[in-house]
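Encoded as structure tokens, the structure appears first; notes follow it.
Residue numbering begins at 1 within each chain, and the chains themselves are lettered A, B and C in the order written.
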Amino acid sequence: MSDLKHTDIEDGTEQITTDPTDAREKMRAGSMTYTLMPWIVGAVLLVIMPFIFTSNSALTIMNQMWITVVFALSYNMLLGQGGMLSFGHAVYAGVGGFAAMHIMNASDFFASFPLPVLPLFAGLFGMGLALIVGSFSTRNAGTVFAMISLGVGELIAACSVIIVAFFGGEEGISGDRTYAMPFFGNEFLQQIDVYYLTSFWVLLSAVLMYLWSRTPVGRMANAVRDNPERAEFLGYSARWVRFYSFVASGFFAGIAGGLFAINYEILTEENLNTASSGVILLVTFLGGVGFFFGPIIGAVVFTLVQTVLSLQTELWAFYAGVLFLATVMFFPGGLAGLIMMHVPAFKTGRAGTLVMPYIKTLLPAAVGVLAVSALVEMTFHVRHAATGDYDMTLFWTTFNSHSLLPWIIAIAVAVLAFWITRRNMPELRAAWATANTAREGTV
Amino acid sequence: MKKITKLGAVSALSMIVGASAAFAENIKIAFIDPLSGPFASTGTNGLHQFEFAADYMVNDDGGVLDGQKFEIIGYDNKISPKESLIQLQVAIDQGVRYIVQGNSSGVANALTEAIDKHNKRNPDSRVLFLNYAAVDPALTNEKCNFWHFRFDANADIKMDALTDVIAQQDDIKKVYIIGQDYSFGKAVSAAANKFLGEKRDDIEIVGDELHPIGKVKDFTPYARKIVASGADAVITGNWGADMLGLGKSVIENGFDGPIYTYYAAGSGITAAFGESGKDRIRLISQGGINPIASEEARAAYEAFEKKYPDGNIDQSRIFNVIGMLEKAIEQAGTADDVVAVAKELEGMEYETMWGGKLYMRPQDHQLIQDMHVGVHTDENIDFDYDQSGFGVLTESTVEMASMDSPTTCEMKRPE
Amino acid sequence: MELILVNVIDGLVTGLLLFMLSAGLTLIFSMMGVLNFAHASFYMLGAYFAYQISLALGFWMGLLLAPLIVGVLGAGVERYGLRRVHQYGHVPELIFTFGLALLIEELVQFIWGKNQMPYDIPDILNFTAFSIAGNSIPAYKIFMIFISVAIFIGLLYILTRTRVGMIIQAALSYPRTVEALGHNVPLIFMGVFGVGTALAGVAGVIAGPVLGTFPGMAFVLGSIVFVTIVIGGLGSLWGALVASLLIGWLTTFAKSYNIEMSNILNGIGIVTPSNLEDNIFRDLWTVTSPQIADILPYILMVLILIFRPAGLFGKRHT
């Protein structure tokens, strides 16, 4: 393996996700089945979710998830489909969102159309900015593109506190969504109304982005990603293909920004800064850049970690970091890649043979991970809790973190769980090999 | 594939959101401030003070009304307006009716608008916003609303008191104003210009500038300008790492006058300044602790130190928030009807153990209180910060500061 | 006039500090072709380790030991982390360093808490070396200049005059040929990564007392290090030096002089609009150079990438 890694330095025209050789294959775009089924299932789920989770906070969290989905899908148009690594994608969503806020505050104009149209305007503004930036940034791919995106991202984020007239400084720009023209009598007062508006746009954007990836330009983006010279020989300008992808991506990012504006009715500097751009990169990668639905999974999982896990533990960012490192090191195809690894087994009809070995390894592994996280939490409690405050509650049990017993239990559980996992691993490997006889055994 | 992950999400969501309304008898107070990330230390210290104050002042004495307890629930907003609004929604769903927040005026602005809209749209689950530290004057002026109460003095009031002290120093002829480039930094600069002009028109303002917030790695160039300008004193509204960086750099590079500021104590800053800041840094704040105002306060501080040896009561107004809320709930006879509680809070007068009287001005919901100017020193310090031996010693006090200051607030009260 | 001299010295200190970080990063970049996002995190670790060691053994032992520990950690990260991820391509590598940066910040908070550490200049260096027109130049700054210049000369010597340096340079450009000649290339890479992170560690040790030792110190330094090596040209040590000094002086001078945008615009013949308050470009008119000092390097980088993508001293176009 090690002899491979230097090739790209020598030829000097390295692309970020290119060379289809070897292990990198795991990251490559796979083909999606052409059926409508996933979309129908998705639409039905979007509709029935609020009946399962009725509380406003669940709706708010789901809205946040869907917005992240649109944003991450638009990011993957660059990274996964076009091989362009951007460090400043948040600015397109942010500028679209700020434009939407300004429209919201332009009362006469805002009152002349219903609220669900607003994300379209935001998308156009995101696209407008992408047109300007793309005109010079897409000339090169690779590091040059990445660093220009970083520079432009930092510039616009810095402008947010300097150009107060547009960005509102540190406190941002806020407005009231209910001043739009009523939409069939609905003024979008409640979270549930906003939820369906968001869901509609998520589905529409996802379908459009999927269709875009099937157009000749979308296909050429893959070709340009993998081998720009060859694409040029075929008569396509690599630069223009990158430019079109970039502009389209800016449009959908803008839509995500517009949805954000409707949901939160405020936009601030954090919608533009490099931290947000970094987060969307992580989200997309966690989900898997090689598959269209990868970023959807990434967005859902990350939102849960950020919003729900942070309610449970102060150490959420620590766990998120571990999750990312583990994903990168062991599953470079992301969560989607992990799921798609099982497709051959399903095709050969042998997926059933994997169930038992999975239970035998994953269950103890999960217990082990929980036990280790318990140890981490206990260490944290001992170090940082108030003096005399020895009681801590973990997994619905309250105990004294300064006594020996819970430590012994946690360590014993962790060791035992990992020992069982290890013992059962060969069985899983064997099962995997039989289930994928057509493939090489790769776990 | 999509279905599987969504179902996973479903179960996680229901676990969290479903676990509400379990302790109906407690009065829940949501603490929405950073508990992770770069500002986590300030947030965590604030949470400890709230938890301690709730236990010490209310719960250990048998609670309020018929024995109801105050329950402080920490929500990590990562100092992001977006996260704050999500956490606000989660808190409201869990039955919280009182929101406390203080770090970052940007977050406070987002919260006060969101709460105003929420209360308008959802009259059944209205909440009050008790702001304990965000000092942007706009919150009690053009952006004021009935649901917001501020327990700290705003930036204008603090500057009014601070310039009272500066005006008495006859040897100060030139001042340099420097601050972070955002709403608060600008407010400090505007107020300093205004009050110095009114009180001492012979003082020349030799510099007035803003620097990017949280981005300056090295303050040396700014320090050079300050030294070169020949200033006798520096006024700054900087906080956190920006305060420490500016202060250390100014002192190291040869400036020998006083630095008048707002936030240069606790959270590691006092320890980091140490000897170099002695008699140089002067701070404006409410609730001075050296000398301590009452035996009751001494007992409270000692109990706190016993519980959190690494912690400081650097925001004694947190005790005022808890005390005044308790009193308002007792007088209203209910904790659920927040309109009734808010009406009790308006115009309330309260004797605080930290010294002096508090008055919640009804026109704009700004608390009027004594302001103290203290000096960073290690002499006569009973209660130090960061276990460094250094603390803030009160040098002068302005009673009921800015009692009659004007406000542009036009309060709209619910029926 | 005196102030210009003072600013030249201040800018030099800032620039040389930046150089210590960018020197290691540019070596690592040219070796692995990946932006090591965790580079500034190793700088932070250097400061924290040095603080911890200085409590027990004093500042000088911290200066000696902390970079060594950081270097060993860096080599470990290369050996057990990056090498594994390398086979998947560059994006996963980058994400790995990104996640690592996040994790290191969390770990630092876990161990040392969230407050700023009282890590101070050693007493022996805590005096004013000399003064220029009332501006004192602390002795510690002179010390920082000496350390960084010594490191630059040492690096240059090793890379161009020694056998090890020759092998490293060859391995950077023609790894397979070097491997065929019987050299252990993975070991060389691990060593370069270790040395690069150790340099970041040195920067942390000596910058910690002046710039503050707190969990956000890596983030504050953030991407400016990448900007430096991109401006200088990837893989070029001289480029890193020139770009670091350029950025050091550019930001220092921009902060020291209040140049308003309106002055520049008036200077080139554009008249300030009379009703500035209502003008949508009002904020642009009142922008001053200290406000934008820290984003000037980014503007410079974008311009350089547009007109000379290889950077100032870069030989090739990545």
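The rule is simple: a residue touches a chain if its C-beta (ideal position, glycine included) is under 8 Å from a C-beta of that chain, and two chains touch if they have at least 3 such contacts.
Being a predicted model, the structure only gives us computed values, none of them experimental.
Peer 1: So, comparing C-alpha centroids, which chain is the farthest one from chain C?
Peer 2: If we average the C-alpha coordinates per chain, B ends up farthest from chain C.
Peer 1: For the interfaces A-B and B-C, which has the higher count of C-beta pairs in contact?
Peer 2: Greater number of contacting C-beta pairs: A-B.
Peer 1: Just curious, how far off is chain C from chain A if you go by their C-alpha centres, in Å?
Peer 2: The computed centroid separation for chain A versus chain C comes out at 30 Å.
Peer 1: Cα centroid separation between chain B and chain C, in whole Å?
Peer 2: So the centre of chain B lies 35 Å away from the centre of chain C.
Peer 1: On chain A, where are the residues touching two or more other chains?
Peer 2: Where chain A meets two or more other chains at a single residue, that happens at 158, 162, 315, 317.
Peer 1: Where in chain C do residues touch two or more of the other chains?
Peer 2: 113, 291, 294
Peer 1: At which residue positions does chain B touch at least two other chains?
Peer 2: Residue numbers touching two or more other chains: 40, 181, 212, 215.
Peer 1: Which part of chain B faces chain A closely enough to touch in the complex?
Peer 2: Result: residues 1-6, 9-10, 12-14, 16-17, 20, 35-37, 40, 48, 75-76, 78, 80-83, 85-86, 89-90, 92-94, 105-106, 109-110, 113-114, 117, 121, 136, 181-184, 212-213, 215, 306-309, 311 of chain B touch chain A.
Peer 1: Please name which positions on chain B make contact with chain C in the complex.
Peer 2: That would be residues 38, 40-41, 44, 181, 209-212, 214-218, 220-222, 224-225, 227-228, 241, 244-245, 248, 252-254, 267-269, 271-272, 274, 310, 386, 388 of chain B.
Peer 1: Under the stated contact criterion, what part of chain C meets chain A in this complex?
Peer 2: So the residues of chain C touching chain A come out as 30, 32-33, 35, 81, 83-92, 94-96, 98-100, 102-103, 106-107, 110, 113, 172-176, 179, 185-186, 222-223, 226-227, 230, 234, 280-284, 287, 291-292, 294-295, 298-299, 301-302, 305-306, 309, 316-318.
Peer 1: Under the definition above, what is the set of chain A residues touching chain B in their complex?
Peer 2: Chain A residues touching chain B: 38, 41-42, 45, 49, 52-53, 55-58, 60-62, 64-65, 158, 161-162, 169-172, 174, 176, 189-191, 260, 264-266, 268-271, 293, 296-297, 300-301, 304, 306-308, 310-312, 314-317, 335-336, 339-340, 386-389.
Peer 1: Under the definition above, what is the set of chain C residues touching chain B in their complex?
Peer 2: 3, 6-7, 10, 13-14, 109, 113-118, 120, 128, 131, 133-136, 138, 210-212, 214-216, 219-221, 224, 251-253, 255-256, 258, 288, 290-291, 293-294
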